């Protein structure tokens, strides 16, 4: 069931209770978690916190603590599955779920109170009606069964005949109902997609409670930016969400009277460029490695390289300057950068280079755009040394978001550059070596075990970014007219020891929508070839199988989608 | 030169201002031996002093020199032990009455005995304050807030709070708890306070 | 919120200290002054156990009342914080004294002995004295064991030069009333009349060697800050 | 929470023991029988009057005191005229650490060997001039360990104390709160354990 009044039935309800927070390992969750923590503190709600990466982690976290804690808040996890069933939860346990993964499991939506959804009902699209899905076994039927079991009555035969007719009718009706239900459920759960970021929902709660501030707003902004950068939501949705956040930014800015540069914090609504990390990089590198410019100008080729230099020349940026760190470039050039590039964007086919975003400014020297922070968090969560545990990285990511730990942020940004570069180089070599293969209804790309950077791509979000990059690059160079209408499947090694790999599918470019049908397709393909599969991820467009089954799996998928 | 070994003993303290190295029994023994030798030589010379006076100066000077060396050695010896006890005292406040095994193995038997006595005296003092005693090992900083956020740094296992609720402390898990519940665990390094 | 309970909390101030004619606020103020003095004075000061006991009683009483409040009450957290703060005050005061007792144990016991002989009030409380004697004994035993390998060693030195507080260290103080002609002790042996004198006005703040004002502090004419 | 202690060496004071181990030149006034081994450059049984040796302060102090001194002490070279001139010129420029690890402590002992009081004066002068620089460093150096290299032990202690006070004040001003911390010894204990584990690998 949905919680209608978050303030009364969630926030105030929790006062004085012990709560367990289960947080999914992603950027939106971290932002949401930070907002929630600050809210819980006002009420002195004592909590413990666990980080989960998949269903198994969720089960472990629940079973380790279910004896001691009765209230669970699940952030970005658990919404898409029947938690009561999956966790074998006791009756006295209550789950509050705020999950941006869709579709939400129908059992959660129609739960009688043990599962409480914190999202808005209209974020779940096309939810079937209760009676179309759940059918109360009528008393009659039960009697029916009792009767047929109890033998020995006199006019059994005649009664049975009568009953037979009745039950045939009933069974028929029931079959029809079941068919209808299966269809409804299939339609409902056919696509996996994302609803609005959980952090935004919690920020709104904070606002409702009059406990919002710029720090919390910034978290909501970062979460939204992540969804946009990783292609999890449509552009229109991004535009829709950004309006209210801009209003909040203005309002909060006007409310403060802190003018001291050293301590004040300023969130500005600004046009930004789709160039990764350029404020902390050099102009040339950022232009070259960012997906947007790389794909539009085909920068992986020699010709692309030349074009890039032409662009720089057109802009009036000497090579020496554009290879310098942005911060140490001539002030004049730095000021002009935006404008000049915007002017030239049409000439170089870079329309849409500019998008609306926010920057955060504090102290004299610290200015970050929301995307910078997203990249930094990504680097911490998914590109840290292998010996770090997810909990440590989660803690580090929280540190990265607190302004007092600038060194954490800066080193994360350095690592983020490596990610961006690696994405570019991987896409480049995929094209050079013609590794992007058409399989009829889809194209696929496999990162082989021997690949230098395979470990980096065994992480969900980086793999997603790579998939976007590869698909766009493929469409840009492909002579196949159908290319924009083909989806892409990528696969990367997951664990060398276990011999498993991840499969990720993304929808075709022409659909212009992140709605993803691969979850169901993967499931069916795996069923067809009867292979061992694991669906531990909350986002079902990811799948995990044994590497040895991959060829058969792809065959089955081809057959299925043809 | 006399007192070199004793000096080495003190140097050991100086080099480990905040940790307790293993009790250096052999060096202590050597210093004791030097003291014994010096004292015995002095006693011998004191008995035969009259004979030497004439030709090569007074043996009194020799005795004075040796006596200075004895005093120096004693001072070093005692300083070594005294400063170890001071450190041990600090440990009682920081680790509690039960020391980690690896620290305990660094102590001499006499030090272990002293520690037990000190612990006992301190405990009975704390019990005697007020009507029902006062634990002086907590409330080390003026409180700022009732609840604090902590990060668990070790796999501690299940831990029961004062109000009877139990929570599982796993490495790197985060908790938001009443400060009074956390303080001792923070002191012992189980928790890390996050501001 | 149970209004009566809150009222009771506040009433307790007046009631429980009737016999000494002190309000809770006064007790806390005395404790604070004693704590700051003890913290900054190099030597141990006469104990203030009656204040400590008073305050502990009050803490216990407040905690009892807090127990009866529901845990969600906002006022409860405020009061709880206040109780924690008071407990810190007492603990810190007693800890500081223990530190001094342990550091200067030989010296302090010697002085207490002298005070006892001249029938003066002792500086240590009964419990502290017991504690001090115990740890002095433990230290002595430890040292005895150490030098027992040879009888008759010249051991008088650590007893004759015990660890002593530096009475000449400087302290900040505030005068609680006018005090005239304080003799400034600059460590040199000055003959009477030659030494410098200074007058304190009430409320004046002064930085001065502790030895010059130890007496005033113990009388309560000045307080350290 | 240690007591605020101003400088006061005692019988057990490690620093004082270390300082009195420093050597100073002296001349023997009397023969000392059987003590020839103290003079490494001669192989005689007795130590002859007139011998010049460098001896540790603790011995020098004992032997030069009393009604009948056995030796006369001289000033260590860093307290002699030429060095004093350097300190007088610009005390701040001197690497005191190279002069002596315990410059002030040693100074306050050897000043008694100098009847004119020049050492006394130079000690005061050096400390006063350097103190201001020291405070400046402590306030402003961003935990740069190199600045500590030219300080003697006493100065280093003052530096560390005031630097940490400064850091605490800053963090209090900015965050208005100080975190609860693990006990110092516990932290050290853990660090050491980690080192041990590393060693075993």
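Worth a mention:
Just so it is clear, A, B, C and D label the chains in written order, and each chain counts residues from 1 on its own.
As a working rule, a residue touches a chain if its C-beta (ideal position, glycine included) is under 8 Å from a C-beta of that chain, and two chains touch if they have at least 3 such contacts.
Computed from a predicted structure; not experimentally measured.
Centrality by C-alpha centroid: the chain sitting nearest the overall protein C-alpha mean is B.
For the pairs B-D and C-D, the count of C-beta pairs in contact is higher at B-D.
Once the centre of each chain is set as its mean CA position, subunit A and subunit C turn out to be 61 Å apart. Rounded to whole angstrom units, the spacing between the C-alpha centres of subunit B and subunit D is 24. Subunit C and subunit D have CA centres that are 33 Å apart.
Centre-to-centre, using mean CA coordinates, subunit A is 55 Å away from subunit B.
Multi-chain contact residues, meaning those touching two or more other chains, occur in subunit B at positions 67, 71, 75, 78, 82, 140-141, 145-146, 179. For subunit A, residues that reach two or more other chains under the stated contact definition are 44. Counting partner chains per residue, subunit C has residues 77, 92, 95, 157-158 touching two or more of them. Residue ranges on subunit C touching subunit D, taken from their complex, read 39-40, 42, 92, 95-96, 99-100, 103, 157-158, 161-166, 168-170. Subunit D makes touch with subunit C in their complex at residues 1-8, 10-12. Listing the residues of subunit A that touch subunit B in their complex gives 18, 37, 40-41, 44-50, 64-65, 67-69, 389, 391-392, 394-395.
Within the complex, the subunit B residues that touch subunit D are 1-3, 7, 10-11, 13-14, 18-19, 45, 52, 56-59, 61-62, 64-65, 67-69, 71-72, 75-76, 78-79, 82-83, 87, 90-91, 93-95, 100, 102-103, 140-141, 144-145, 148, 179, 182-183, 186-189, 192-195.
Subunit D makes touch with subunit B in their complex at residues 1, 11-15, 17-18, 21, 30-35, 38, 46, 49, 55-56, 58-59, 62-63, 70, 175, 177-190, 192-193.
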